[in-house]
Every structure is written in structure tokens, then in C-alpha cells.
Amino acid sequence: MAFTWRSRIRVVDTDVSTRIHYSALFRHLEAAETEFLRSLGLEYSRWFDMGLSLPRVHVEADYLAPLGYDDEIDTDVRVDRIGESSLTLGFRVVKIDTGELAARGQLVGVCMDVQNGKSTPIPPVIREALEQVQPR
Amino acid sequence: MAFTWRSRIRVVDTDVSTRIHYSALFRHLEAAETEFLRSLGLEYSRWFDMGLSLPRVHVEADYLAPLGYDDEIDTDVRVDRIGESSLTLGFRVVKIDTGELAARGQLVGVCMDVQNGKSTPIPPVIREALEQVQPR
Amino acid sequence: MAFTWRSRIRVVDTDVSTRIHYSALFRHLEAAETEFLRSLGLEYSRWFDMGLSLPRVHVEADYLAPLGYDDEIDTDVRVDRIGESSLTLGFRVVKIDTGELAARGQLVGVCMDVQNGKSTPIPPVIREALEQVQPR
Amino acid sequence: MAFTWRSRIRVVDTDVSTRIHYSALFRHLEAAETEFLRSLGLEYSRWFDMGLSLPRVHVEADYLAPLGYDDEIDTDVRVDRIGESSLTLGFRVVKIDTGELAARGQLVGVCMDVQNGKSTPIPPVIREALEQVQPR
């Protein structure tokens, strides 16, 4: 059951090619990720309150169709994998007006103890909420 | 006696207009500001070590000539004003290949005590170093 | 009669100070500006269709109260001044949870003929729509 | 024979975690890529003059050691693969003060005919210059 976040490509997201700058896509993925986690009651303030953060260890994206200024997009977020301490989220970005799959992305974060800067197991309360929405 | 920082407009700095996005100029001003302060021995790590930071309270910029992808620029930094707790830095951005004044900017920061989040006088050691390079 | 745009401060908007980076505010002002113009039927695609664009000649912002990660803000947009070829928009950013005025901003654009890169009078159809919402 | 580009993590590159925001790394990779191509006489203006551009179809990065404000980094660029129309560049980011490998990245671009927006073979003059520096 995917979560979807709608946003628009802004001027600041574009570059001299007249299309989106590849790095700007990550701002949209981040908004989608944040709202996805909030929808599960797992907003980052909860992680911080538990002394945890989720730094990225890997990110990637494929650009499949051009996105340009003012294009509206829907970003689907899903849980790809829950490891001992890692969390992999997958993203699909659809261009609203054509229905095209415009981009795909994946972010891998590692649950980190903010005190010592080391990875730590994802707490059960977070794991269980994520498992509930993980595709089977 | 102005400090000058050279940089280049990158793809990510441009937008669909094919010119620099106005907000991208501030990344170049920030690099110039950081290196200017370092040249005076006032890099931000020193401020942090004294429990201080310098949040912006006002920023502004004028855009006088178009800047585009790969243009090289020289950013001059000068101390415009040293208040009790505020510091105003002025910037002039010259496009190298034409010598045109392409932009002007001004940043006003306030010396803040990180502990309580309140403004605090600029310490003498910082004030004196800034006064040495302040135009008369 | 102000137009209001709601958004949230994202991780990418923050910096090592733990607060918003001053330049990130401009991304939020831009979204507000774009949606304000769209609400008047003046989306930038219409300007482009008329061979026009609206490059910035001046921008400024005041930062009045700290904004941090995940803070929700309302950005009010109003027409401050319509010149022969210049348009000045004013912004007020309110932090939702406290009701504080967190920032103010102003953007001055100049109507430009894309063909020759020179300023040109704002066309009557745009001017009239802007005048309708200009505060008196 | 790798090309190396030195840069510094700026305030705008960091986020509330006090470390670099993962997307900011791509600005440094882009500067390194641009200067690498310039060192081969293949600056993007030459591509544009031939009616070509090089939009990204895939990007990825691994984050191996924390990077924070003011850290100096060396970014090595190498040609990983030259396809019929695709070009894969690889990046290694070393933190100067510790010598640690802090990040790795890969960008895949596709040579595009700007006129029709379709992929087109990399011209021999570009291919040959890239092959000269490709590791064997």
C-alpha cells in the first residue's frame, strides 16, 4: 500500500537544460519520505526523541522521462527492506499530466545512535509500524 | 582592502531561464564570506569554540548583469558595519570575462550566544580583527 | 487581499546551526509566488507564451524568529508595487504553531523581452490582473 | 589517471544533523565533473556547440564516513564506461584531514541531440578524448 505525495517542479529545481536538475529530485523525494513517515506516526522528531537519526548510506535515482518547470508529480513511497539497522525506501515519480513514470529512486538509511554516532538496531516500535506497510 | 573569492557558476546554479537562479548567488557569497573570515583567522569554528554563532537577520542582493553557466566570477567582500552585536558584510560580484559588476549583496548577521539563543556583543578579539580590514 | 501558501521546512532547508539556512527561505517564497500568480491566471507559462520573463533585479529578506526542521509556515504574498516594467512582491512568513512573524521578504522582477533580453512594459492584461489584488 | 578536484563543505551543504545533506554532495561531484571535462577540452559549451547535451539517466552515491562543515575534500573523477551514447563517470571523495574515503558516486549521462531530445552516439572527437583517460 503505497503512500503518495504530490508536488511541483519549481524554477529553482530546473537548470540551463530547461529541465529538472537531477539533484533537485531528491528534495521532492525527501518531502515524500518525511510525509510518508509522518503518516505512520514515525516523523523524525520521534526518532530524535529516542536519541536516533537515520543518515543516508546510499542513494540512487533513475531518470526515465523529462520533467520540466511547473510539472506536477506524484511520488509513491514504499518500504523496500527493513534490515537489522538499515531501512531502504523506494520511490516512483509519476508525471501527472501524461501518467508517465518519470523517475525511480531508492534511499538507504542506517539507524544511528546520536550519542556515539554508531549504527544501532531499529527499535521494535518503529520496525513494527514499517512492517505493517511493507509490500509482501 | 577587499578580499576576493573566485568561483564559477555551475549547472545547479542555473535555471530554466538559462541564467543563474537568484538564490544560487547566495551560495557563492557564502563561500566568499567563509574564506574572507578565514583569511582574518575568524573562521566559524572559532566562533563556535567561543559558544557563538552568527545567524542572518537580513540579506539582500541586486542583480545587475546576467550570469550564466560556467561564467567565472570574483566576489569581493568587505566589512560594511560592525555594530554592538551585528556584523554587516558587503559583496560585489564581477563577471571575469567582461569585467562587469554583475551583482551586489549585503548580509547582516547577529552574534548569538548558542546556549540561550540571544544576541550578545561581538567579542573584542573578533571586533578588532574585523576593524583592521574595515574600509574608512 | 493576501494570498497564502503553506509549506514545511525540510531537512534540506536546514543547516549545521539546526535552523533554516537563510537561502532556503527563497525556495518557499518562490513556491508562494508561483502559486499566487497562478491564482490570478498569470502563471509563468503565460508570460513565456507572450515572449516574456521576469528576472529578479533585487531580493531581500529579514529573519525575525527562528525556523527549524519540520516547522510549518504560511507565506502571504502581496503586490507591493507595479512599475512601468517592474513588479515588486512582498512576503510575510508566519510560523504556524506560534503565530509569530518569522520572516519578511521582497522580490523585484523586471518584465523582460526574451528575444532581446531587454526590459519591456508589463502588458495590460497582466497589469490589470495584478492591480485587482493590489492593496490600496 | 584520475583527475582530482578540491572543495569544501559549506554551511549550505549541511543540515540539522550537523553533517552534509546527502544531496549536497552532488554539487561537489558536479564541479569535479565539469572541471574534469574541461581538463580534457570537453567543457559542456563544446557539447552545446555540437547541438548536444548530456542529461543524467542514473545517479548514485554511497556515504562512507561523515562529512561536516568546513571539511575539505578531494573528489577524484574517472571514466568508468563509454557506451554507444552513454557515459558513466565514477567519483571518489576523500576527506583531506583524515585521508578517509568519505563517499563514492556514479553518474550516467546519455548524449542527447538537443533538437529532437533523442539519444545520439557520442561523437568520435569526444569519445577519443575520453578513451585517452579511461583506466584499463
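Labels for the chains are A, B, C and D, by order of writing; each one numbers its residues from 1.
Note that contacts are C-beta pairs under 8 Å (C-beta built on N, C-alpha and C of every residue); 3 or more make two chains touch, one makes a residue touch a chain.
Because the structure is a prediction, the values reported are computed rather than measured.
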item: Where subunit A and subunit B overlap in contact partners, by chain label; value: C, D
item: Furthest chain, CA centroid comparison against subunit B; value: A
item: Type of subunit B:subunit C copy interface by residue overlap (half), same or different; value: same
item: Separation of mean Cα positions, subunit C and subunit B [Å, integer]; value: 23
item: Averaged-CA centre spacing for the pair subunit C and subunit A, given as whole angstrom; value: 27
item: Set of subunit B residues in contact with two or more other chains; value: 11-12, 17, 23, 26-27, 30, 69
item: Footprint of subunit A on subunit D - complex, ascending; value: 17, 19, 22-23, 26-27, 30, 53, 55-64, 66, 117
item: Subunit B contact footprint on subunit A (complex, rising order); value: 11-12, 14-18, 21, 23, 68-69
item: In the complex, subunit C residues that touch subunit A; value: 8, 10-12, 26-27, 30-31, 34, 43-45, 69-70
